[in-house]
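Got some structures for you, see below.
The following pair of complexes shares a single chain, chain A, combined with chain B in the former and chain C in the latter.
And then the complex of A and B:
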């Protein structure tokens, strides 16, 4: 019995690596408008970016701790919910990350075509 | 004195996270044709993807160990060089990763526009 990863596991790890930066970028971009976790996850999924709850919530807390997000507890429909939105620093970094994303996309497109 | 990361460090980490999957994808795509390390690094840089040597070489070894690349030592210009190219498994996974990339790109573009 070998402990080597299967081809499916190798692919899955590469896929996760490819997705992870995009997931952060999409989250920041969506939080240009305020959301609480549930609706954020829903609108991202509707756009084609599925995020597990146990990935999303730690990521939101990390991004808030880094100063990219602001959050606020508010009551809505008789329940306290934590609403998140992009901070001014988050806005600046989001714009810079989209510039990086555009450059990566252009570069990858050139490599893919074999120039 | 605080050990908190600066805003520049936070941005740099997000940038690296965004790049890392793309760098692997670009490397696999470029290795549809054979290269040794030096020329691979050069053609990727010419396309807009700069990779440090101490990132590239461990990545090539890892991808070969996972069966995505094949390599061969050959003499060229009186020097032994290690030539890399995509394996049949690598070709299959590259196609699947490009499908994933296309889906991510489309999703991110929808989020960015705010639908």
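And then the complex of A and C:
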């Protein structure tokens, strides 16, 4: 029923795969400071990382379930909001992930230069 | 209830089991309210219904939103080809169950009223339902394809998912306007026909129609049907003037259609509608028979139309009632 994927579709799929890990890393990094979903999405967007709501909220829940985030409902501007922040485990893993990121980036730079 | 609450209720309906629904919806609700407030700040005024709907449409189909939290309900698919999606599936199963229930009840009544050989008749009766089930399945598959196509053509539009969540839909003005014009025309034609009887039929069918007259029984239904038409006109006029009363047409139309449906049998039983003078020519009597036959056919046709309307409107009303009652329960629980 569907035609062969076009170059644009292939690129889009690869881009999404490439970004997905980065989005998690960026989210964890931003949550070193406390945020609720709406402001977190804005802060990420301001840093150049656009993320859809339908991706962000389920991801936050998944990360919380894995123990990387802590959350609590609190009232702000006369409305209850769910605030997220990095857990102690999240802090440890974020540091390890950034080390991994640096190593990966360095390796990729070498690979790129080699060509 | 606001359109945002309707939307969140629709998401709630699709959220998979095992998910803390209240928690997810509270968070989504806060997010959407924040987005709406931001938009209001930009515009410097409160958002209109359609602007609120645009904010919701940007988040997307309630089914897709729920799907992000886990696999949503069942459907029927063959490989990649989806015959009936999870959105239509509960309605589809409901329609099949309704058809089966009606047949089972009528069969049980038959067994008690007349001596029907139960075990030989039952398989035959069930087999006779097979074509009906196939027709219903094909109809739902057709709707699925139509809705999917319209969604593919306009991925950001809300029409595709609003089809299966009609209680989210504000009454569109075009519907009310076209309905108002149509019903006003029908009512005007009705009044003209009634006031000019038998000149009006004579203009259509020639001289023999002058020897015809409306039966006495018909005059009983005339006023009731005219009243239903006028209610329809008033309803659409109110919708045009006050679009915020988006909840009003569905229950009122259900009542009107139920009344109309209830009239079908008495109308059919009270035939003939048109009678010829006893001294009339044979041509006039033939004409009276032909008109009566046509009116009976028309009444049966309208009966089917009203029946489908009643089923559809009852489904929509059920959606409203379910969502309102669950919202009320949640409000009560929340103090």
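Keep in mind that, in the parts below, the second predicted complex is superposed on the first by the 112 of 115 C-alpha atoms of A that agree within 3 Å, B and C clash if a C-alpha of one lies under 4 Å from a C-alpha of the other, contacts with A are read in each partner's own complex, and residues count from 1 in each chain.
Rule of thumb we're sticking to: a contact is a pair of C-beta atoms (placed from the backbone, for glycine too) under 8 Å apart; a residue touches a chain by one contact, two chains touch by 3 or more.
Keep in mind that what you see is a predicted model, and the values were worked out from it rather than measured.
*Asks:* Based on the superposed arrangement, let me know which partner A:55 touches: chain B (first), chain C (second), both, or neither?
*Replies:* In the superposition, A:55 touches chain C alone.
*Asks:* I want to verify the contact counts: of chain B and chain C, which reaches more residues of chain A?
*Replies:* B
*Asks:* Return first, second, both or neither, reflecting whether A:104 touches chain B, chain C, both chains, or no partner chain.
*Replies:* first
*Asks:* Name the contact category of A:78: first (chain B only), second (chain C only), both, or neither.
*Replies:* Neither partner.
*Asks:* With both complexes superposed on chain A, which partner does A:21 reach: first (chain B), second (chain C), both or neither?
*Replies:* A:21: touches chain B, not chain C.
*Asks:* Output check: A:36 vs chain B and chain C. Expected answer is one of first, second, both, neither. What do you get?
*Replies:* After superposing on A, A:36 lies in contact with chain C but is clear of chain B.
*Asks:* Chain A residues touched by both chain B and chain C?
*Replies:* none
*Asks:* Please output the residues of chain A touching chain C within their complex, sorted ascending.
*Replies:* 1-2, 36-38, 53-55, 57-58, 61, 73, 79-82
*Asks:* Using the touch definition up top, name the residues of chain C that touch chain A in the complex.
*Replies:* Touching chain A: residues 23-24, 26-28, 30-31, 33-35, 59-60, 64-65, 68-69, 80-81 of chain C.
*Asks:* Under the definition above, what is the set of chain B residues touching chain A in their complex?
*Replies:* Per the stated touch rule, the residues are 5, 7, 10-11, 14-15, 17-22, 24-26, 29-30, 32-33, 44, 47-49, 66-68, 89, 93, 96-98, 100-101, 103-108, 110-112, 114-115.
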